[in-house]
Amino acid sequence: MRIPLKEIAQLVEGRLIGDGDFEITGASTIWDAQPGDITLADNLRLAGKLEQSQASAALVPSGIETLANGSSKPAVAVKDVHASFARVVKLFRPPPAKRRVGVSPAARISTAARLAPDVEVHAGAVIDDGVSLGAGCVIYPGVHLMQGCRLAENVVIFSNAVLYENTRVGAGSIVHAGASIGAYGFGYQTIDGRHRLSAQLGYVEIGADVEIGANTTIDRGTYGPTVIGDGTKIDNMVQIAHNCRIGRHNLICSQVGIAGSCKTGDYVVLAGQVGVRDHVEIGDRVTVGAKAGIMNNLESNATYLGAPAIPERDEMLLIASFAKLPEMRKQVKLLARQVETLSALLPAAAKTA
Amino acid sequence: MRIPLKEIAQLVEGRLIGDGDFEITGASTIWDAQPGDITLADNLRLAGKLEQSQASAALVPSGIETLANGSSKPAVAVKDVHASFARVVKLFRPPPAKRRVGVSPAARISTAARLAPDVEVHAGAVIDDGVSLGAGCVIYPGVHLMQGCRLAENVVIFSNAVLYENTRVGAGSIVHAGASIGAYGFGYQTIDGRHRLSAQLGYVEIGADVEIGANTTIDRGTYGPTVIGDGTKIDNMVQIAHNCRIGRHNLICSQVGIAGSCKTGDYVVLAGQVGVRDHVEIGDRVTVGAKAGIMNNLESNATYLGAPAIPERDEMLLIASFAKLPEMRKQVKLLARQVETLSALLPAAAKTA
Amino acid sequence: MRIPLKEIAQLVEGRLIGDGDFEITGASTIWDAQPGDITLADNLRLAGKLEQSQASAALVPSGIETLANGSSKPAVAVKDVHASFARVVKLFRPPPAKRRVGVSPAARISTAARLAPDVEVHAGAVIDDGVSLGAGCVIYPGVHLMQGCRLAENVVIFSNAVLYENTRVGAGSIVHAGASIGAYGFGYQTIDGRHRLSAQLGYVEIGADVEIGANTTIDRGTYGPTVIGDGTKIDNMVQIAHNCRIGRHNLICSQVGIAGSCKTGDYVVLAGQVGVRDHVEIGDRVTVGAKAGIMNNLESNATYLGAPAIPERDEMLLIASFAKLPEMRKQVKLLARQVETLSALLPAAAKTA
């Protein structure tokens, strides 16, 4: 496929800079670009690599077309460089039409389940008694929806994810491959030297417009729900323990672990590998840096770092002091010697007084 | 369903406090409680929230009925508040009768496998040659039991868990969804610039009364078993590497990673996100705090914190000193100035001597 | 089975030390050895345990046969103790012949997929349109290969792993159970308070001779590939985010998390639970210690430790200073008192000058 750059400029409603007749043959990131490809440069760092790259043209953000200035290559300036580049990529690599599967005869569906007429259930999915699927749901192969699961409209459950009994999922939410939702909470009472599992009478309640990453685990509540609020996005391999109440529109990055009975507000951001101890409450619009360990409640509208996590400014001060520690140790040793010298001299001096 | 509080008090053999004729219509935690619901308050913090909650009554621990004092709501005092509340929850929300599945015709079972007569094997499970299942085993959909796996009585393997060749599981143990047991150990020898996988001749041996969390991974031994001792409970997404020997009645929390050839004693507790380097031995009744990094053997009967993990008291001292670091840095700077001033004065003073 | 030690010595081309007529009945590690077993002692620590162990004989490394000296037990000295022991283990416990499965009729394979004639596809695997499998591929039960996946020769995908659309896997690579390859990248733009998923037009490209551990997750690129270089070995539960470019022959240990758009050189080693922030570049032959947090680009040919990760020597100095912190705090307090005393004396002394 060969498309003149000026046609691409029209497609993305962008401003052409340079030779509009140049024929583009593909769309790739700067790392993969071959001659003939158009690429994108959304920041100065990438723009600096543009000239040496194999790409023949670039999409750049309008307003900062200077990005393209250092380059001899033609460009198209657009408002939203990522949305525009996505359109161009699809132009050259149109996603294959998905075949409608309908309800596969190779899926095992209980006669006591209720499926909206237009759902898709792939081969090898297993749907137990009392499950309900809203319109537009897509259930991939190997998924197991246990007894009583209730999915609203347009929910997508990717391959081999498992939803234990009575899991509820709100409209438009996505659960990725291998996620385990609703397994037993890790709560034990130790009696006569044996750990006895606590009650497992609860379930997991996932709101609308939620995304759950691959291989993530969310445990059921003890008596009631573990809750994931509307609009919250959870990355891969996140652990959310029993009875947690995650707020709305949170962003929870990969490998975060949240212990039992925690509560987060709205618009909370937890960076990668953060750990949260049990029964902690985190306020609205809190951001926590990677690898932090949250030991206590965190007040709203602030950024926290470190383990134990403290306000960003305090942690930055600690880190700065920490880096100077070996130097400070030398200084203290020097001071000790100086004071010793002074003390040795002073009795003599003092005596003359 | 409407049940007078006095009947609930009888059911849980508790002592009634207040209006026994009040009719209860449900049982929920304090966060979810609606008017008409009974809830539980197992500690003072929750008790403080009782009055403002929507709940109409509460279970409280006998002996500390003062919990109920601040509240105008009727209550029932019981010995074991959690066991009692579980009974009440089941009264209002009886778990649906599980249908007996038997051995599903949609499971793929080798003719060279030996199944006790009363096992349950769900649709989509795959059981290979030489596998044996003891009485009462339940194998959920999508589980793969590879060649030679041996499960004792009453083992439950949840959906999509995978047990590689020759895995052994003791009586009454539970493996949750998505767990991978017996994959290759991560051991390589680098020859001519290529990493060559070590021998993978071992297997995993799980004791009796063990629980393995969702999406947890336990690698096979190099030549013999990786061992999980009787009564040990392992949370979600825990990594246990090849040749480890985990003792009995351990509690290993989520996202812990234990490198190869480690050994733990009995009643060891590892909190969330702990890491253990290879070939470490941990004594009996050791507790290790969240996010700790264990670099050396740990002696029995003690608590360890930090990375590298050291005895709790030492780490607390370090943390306290660390928090004072910026202050100490200022103090050292001040001292340096003072000593300089003194030194400038002293030669003069000393000369007079 | 009973095999005289001298025959074992011949089998492994080793040098016999002691009674060659002793009949060996099994092969086990030192922890599991029963009387009659041969074991291996590959280092001094194990050699010290040899005498008290139940083992009747040992394989020891030639050149350091002194390992066997402290022991009264017969031994065989060999060049490569692990390769030799693997042969002996297989002698006593020959791995059962794997039955050829061919393409199971219980697998669901699109008519628009291309399979080389000698592949194995187990029951319950699902293979979508446009997938191609090279000669010798083995696809275990429950695996889902989505539309357009391309596997070269001799690729093994273990049970319940999921490869999203267009994943490419090079010759001889292995993906372990439960791995999720090609799920959506965790990239969002927040518009009017809602997080909107970025473009998901890319895929994952895994090189040749790569191993991917159980339950590991690798996300697809935004527009192009997330790349895993030839010969790289990835342990269990590793997270590799969208657009990463992992080099060749890396060793990435369990529970490492690498955020989006990172790049590693060749022969990089990341120890357990390391975290890498987004857009970081790591040079060739870099080694990073367990639990480190990598915040900035790392230069080649060096070892880094800590969070934030710094060169090993600097971190060792920091750790040493940190351990002395409580002591230093005492010393500073003492100095402050001494300086105060001196200052009180000195005006008097100075006045006499």
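Residue numbering begins at 1 within each chain, and the chains themselves are lettered A, B and C in the order written.
Going forward, a contact is a pair of C-beta atoms (placed from the backbone, for glycine too) under 8 Å apart; a residue touches a chain by one contact, two chains touch by 3 or more.
Because the structure is predicted, anything quoted here is derived from the model rather than measured.
Trainee: With touch defined as above, tell me whether chain A and chain C contact each other through largely the same residue numbers, more than half shared, or through different ones.
Mentor: Mostly different residues form this interface, as fewer than half of the numbers used are common to both chains.
Trainee: Superposing the C-alpha atoms of chain B on chain C takes a rotation of how many degrees, nearest 5?
Mentor: To map chain B onto chain C, rotate by about 120 degrees.
Trainee: Go ahead and note the Å separation of the Cα centroids belonging to chain A and chain C.
Mentor: Roughly 24 Å separates the two chain centres.
Trainee: List, in ascending order, every residue of chain B touching at least 2 other chains.
Mentor: 124, 142, 160, 178, 215, 237, 255, 273, 322, 325, 328, 332, 335, 339, 342, 346, 349, 352
Trainee: Would you tell me which residues of chain B are touching chain C in their complex?
Mentor: Those in contact with chain C are residues 108, 124, 126, 129-130, 142, 144, 146-148, 160, 162, 164, 178-180, 183-184, 186, 188-189, 193-195, 197-199, 201, 215, 217, 219, 221-225, 237, 239, 241, 243, 245, 255, 257, 259, 273, 275, 277, 293, 307-308, 317-318, 320-322, 324-325, 328, 331-332, 335, 338-339, 342, 345-346, 348-349, 351-352.
Trainee: For chain C, which residues are in contact with chain B within the complex?
Mentor: Spelled out, the residues of chain C in touch with chain B are 27-29, 31-32, 40, 82-83, 85-86, 89-90, 93, 95-96, 98-99, 104, 106, 122-124, 140-142, 158-160, 174, 176-178, 209, 211, 213-215, 231, 233, 235-237, 249, 251, 253-255, 267, 272-273, 290-291, 319, 322-323, 325-326, 328-329, 332, 335-336, 339, 342-343, 346, 349-350, 352-353.
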